[in-house]
Amino acid sequence: MTTHEFTPDHYHVTMGSHDPVLRIADGDTVVTTTVDARGRDSNDELVTEPGNPQTGPFYVEGAEPGDALAVRFDRITPNRRRGFTGALIAERILEPAFVRTLPPKREVNWDVDVEKQSVTLTDPESKIHGYTVPMVPMLGCFGVAPPRGQAISTATSYVNGGNMDYRGHVEGVTVYFPVATPGALFHLGDGHAVQGDGEIVGTGVEISMDVQFTAWVVKNSNIVWPRTEDDDYLMAFGNARPLDEALQYATTELLRWLDADYGLDTESASIMLGQTIEYEIANVFDPAYTVVAKLKKSWLDQIS
Amino acid sequence: MTTHEFTPDHYHVTMGSHDPVLRIADGDTVVTTTVDARGRDSNDELVTEPGNPQTGPFYVEGAEPGDALAVRFDRITPNRRRGFTGALIAERILEPAFVRTLPPKREVNWDVDVEKQSVTLTDPESKIHGYTVPMVPMLGCFGVAPPRGQAISTATSYVNGGNMDYRGHVEGVTVYFPVATPGALFHLGDGHAVQGDGEIVGTGVEISMDVQFTAWVVKNSNIVWPRTEDDDYLMAFGNARPLDEALQYATTELLRWLDADYGLDTESASIMLGQTIEYEIANVFDPAYTVVAKLKKSWLDQIS
Amino acid sequence: MTTHEFTPDHYHVTMGSHDPVLRIADGDTVVTTTVDARGRDSNDELVTEPGNPQTGPFYVEGAEPGDALAVRFDRITPNRRRGFTGALIAERILEPAFVRTLPPKREVNWDVDVEKQSVTLTDPESKIHGYTVPMVPMLGCFGVAPPRGQAISTATSYVNGGNMDYRGHVEGVTVYFPVATPGALFHLGDGHAVQGDGEIVGTGVEISMDVQFTAWVVKNSNIVWPRTEDDDYLMAFGNARPLDEALQYATTELLRWLDADYGLDTESASIMLGQTIEYEIANVFDPAYTVVAKLKKSWLDQIS
Amino acid sequence: MTTHEFTPDHYHVTMGSHDPVLRIADGDTVVTTTVDARGRDSNDELVTEPGNPQTGPFYVEGAEPGDALAVRFDRITPNRRRGFTGALIAERILEPAFVRTLPPKREVNWDVDVEKQSVTLTDPESKIHGYTVPMVPMLGCFGVAPPRGQAISTATSYVNGGNMDYRGHVEGVTVYFPVATPGALFHLGDGHAVQGDGEIVGTGVEISMDVQFTAWVVKNSNIVWPRTEDDDYLMAFGNARPLDEALQYATTELLRWLDADYGLDTESASIMLGQTIEYEIANVFDPAYTVVAKLKKSWLDQIS
């Protein structure tokens, strides 16, 4: 396995079948960087147009349609101090009549201290100036080229991944994507120093990142939606509107996973999931909303 | 404060302005029982018609429209061994085309062992016969009389509570309801020995319960939707279709709570919640779905 | 058949199993009046509390659960001059961010001229003062007692009918309701001198009415949702949120109708409806939205 | 103005910034053909991959971002006899539990007789073999390049148009699109000899077409969603899930139209639309659903 160092010199605001920036072998590791959602880099300099610009795509040799691409995030670390967030819950997340009471929209800055692992509001105008939360770095937007030669905005998400804005996509997790085109074409960007459920102010603490990832091919996996795994959980994703439909996709994908990898038929899986499943709402801000259907792996210990 | 022992002799399958079974003072405690969702009691005998039959209603003196009724669940304990669940994820929770592949519906029994705090599938026909999960008893359906003289089926939920089927409604939590009628008229039932998120098989482990609760009045609270509190969390509820709308109600109710009780204006609350809010999907089976907007109380420690 | 003249002296703001105001025989006709949505009568005097107060309920002898109650509206005529409407499209019907731009809410009056069959805006403050549309009188809210002893607010709608606010419910149509309780218990109210699709300003031109209707029982009909028929169309209703789900109910009810009354199996009906069905959006303002699935009866002429 | 005859030799299954097949001047006319949804031409021969393959794109000189492209369909005529449709209402359009009762999916053929203007089911296996409806030819999928360099599947629709599957898109209408890229890049395809509301069997009567259209540029129009106009109606489109959101887009776009072109402020437009607006459900089958908000032009006659 090789480790590649890659310094991006251009970015994409769609996920599509763009020319690869690097070809890597099955199992290789890449050390690279991502700019923030507005196109600013580690020096807080504007280097590309805004809208979740993506580093990549990376061509992974051997990946073919019908396979899954697995990507493990080995490291996700903010590489500058200034982050920023929205300062108001988005209109679509509030009761329609309550929207009339909202003050004007603005953005606020946060100081991201990697050493102290903390994120602090630095907005003297705000009544909670100095408010501090622990740092939990994650990537909001990443994925592979979508099917049918499409190029889809990094504002939204789909079967290929995209702007799922899930706070659980932190260092250490492995994400599986359905491969739609040879080489899979992995893109990544949109780092958050921390984020709440739902990305309800339209942002996490947006920031540029140092990222290391390792990618490999799972042949003939035939997954339909992205899946994420860590030491403790299986997680299946659905990206759609309304949330009800995103939840249908996520739940059905988890059933397919339990069938294919654990031999559980629909009834057995239903009996188990009925009392054990967990759902998370990843984002309710982007054009497609994202629901995560999760199962603690320990619930599978009793299945031979 | 008085503790009342109350043995029900009839039940209701709507929440409404029914004749109270007992009048209690502000702050009193009631020790009583609930039958299971199908109307079976601690002897597994059918004593009333099915459909989440409710014990009560209890009239709490001093409760008036504009107040909140607070109810703390002091004890929720299964009072028999047999529980039952659905054996298939409901059609509405799966991709529409996947529904064509489903086997027939049926129900399965579980053995609820209060001493061992465990719940075990007892269905020799099932491939996972003997599957065991820890017991986490909760109530699925409870609430006060709804506004405007309505009587609303205990199959669904609304501003007054009802069939929210939230796995977090366990022993020790306090729930607040908007009072719509003098005495509030508190109803309770639909115990589950355990339940997963979403109540996706249409049931938790349905069982009859011994319940103790304490009720008191919070004057002039003007809450709109149910709120729940435990040692660690504030939780606001929205009950509606689609989930997107339930989430709007829950999020807006949490904003109202933070404003009224913690003096946080919409912008300050938004900045904080954007990075700290948690959502749970309580149920996606009942006619109204339920979303919970949660905030860890410790996030409020920095607010003077 | 008997014709009854009935003058209401009280009204209901829920549909439920209230004491009947009159018992009529299968096939009888009733001549009565309805107050406007705010409780004002033909003299524009407030005679009851607001919220679509209902005249009735009328007990129809012979109606039993499992039957349908048929009601033909023989006459719906405004009985005063002043109507009123909202002056702004409701927040929930507009893009969430657009809601921030809305001016304050208010109501405007219209002059309803039954002789000229016209409805004219009489609001000197408005830029379109004097704007005139033809009169097309209809009833927004009517129905039978819902199942399970419920009493449901006349703000919303359900399987029993209710506040469907469909502009097509004019003089001459016949509506069928699933009977849930002996006598069916028919309620009616909420007249509009005219209304657009969707009831998007939250009202039609609200007004009190003279109404004549004829009611009869269809034994063992087993309909699930309200159905309406006129000379030209079959119309099936679904009342739910989101519209997608209302449309599912309406479409499935139309399939059941074509099966039961025209012997069309699902495939044949699908082939025909695929190229001939029409949908209308009745209301998108009330808690439950209403979709109408319509089929021109002439499309059935080719079916032997 | 020039009339161009254009014979396509390749097609696209995304709408995007593809190389133009022809550059035309502002006001020019094009006479061309479209293949059916599965890629079959006037000889019923497979000439390209399935999925609403598009003829074009056509580059219209002078069209710039911020402008609207206007396209009038001068002629839409089936150019072969065989059409086909689905034979079952799609699962997502039916009550979830009803889906369990569905027979297997299949397709059926129809004979399209342009001379007689009729469309006849030719499926001896079907119980309604020979069923005939009048021909009303329309195009289901057409539009311009979407913003941000995207390439979006012709299975779905968006701000740029796409697979809206609206039965009202017949000969004689003019459609306006927001221009996102120089030349606008107009694509067209997916002809239907006839279609019902909602495209509920997943198809109209799919067929190849002879099409003539005329295109011109409306400078600085700043429209957001597609708009269609004929002699009688203004029609604004929203493409999204759920229908509730598509309706929000369509309604708000109609408000913008009335403001920009007729000087109607939000309140005046609301008062008028409240009693006059009409909605149509164009499709509930594609990934994005389509709602049309319509206003009869005659309602504007009273506005000076």
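By letter and in written order, the chains are A, B, C and D; residue numbering begins at 1 in each of them.
Rule of thumb we're sticking to: a contact is a pair of C-beta atoms (placed from the backbone, for glycine too) under 8 Å apart; a residue touches a chain by one contact, two chains touch by 3 or more.
Every value quoted in this text rests on a predicted model; they were computed, and no experiment measured them.
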If a chain touches chain C and chain D alike, it appears here: A, B
Comparison of B-D and A-D (more C-beta pairs in contact): A-D
Interface numbering overlap (same over half, different under half) for chain A and chain B: same
Chain B and chain D, separation of their C-alpha mean positions in angstrom: 47
Distance between the centres, which are taken as Cα means, of chain B and chain A, whole angstrom: 33
Approximate Å spacing (C-alpha centroids) for the pair chain A, chain D: 34
Per-residue multi-chain contacts in chain D, two or more chains: 92, 94, 96, 102, 241-242
In the complex, chain D residues that touch chain C: 85-89, 92-96, 98, 101-103, 108, 119, 121, 123, 126-128, 130-133, 194-201, 203-205, 241-244, 247-249, 251-252, 255, 264-268, 270-281, 284, 289, 291, 299, 302-303
Interfacial residue positions of chain C with respect to chain A in the complex: 90-92, 94, 96-97, 99-100, 102, 242
Chain C - residues contacting chain B, complex: 13-14, 16, 51, 148-153, 240-242, 245
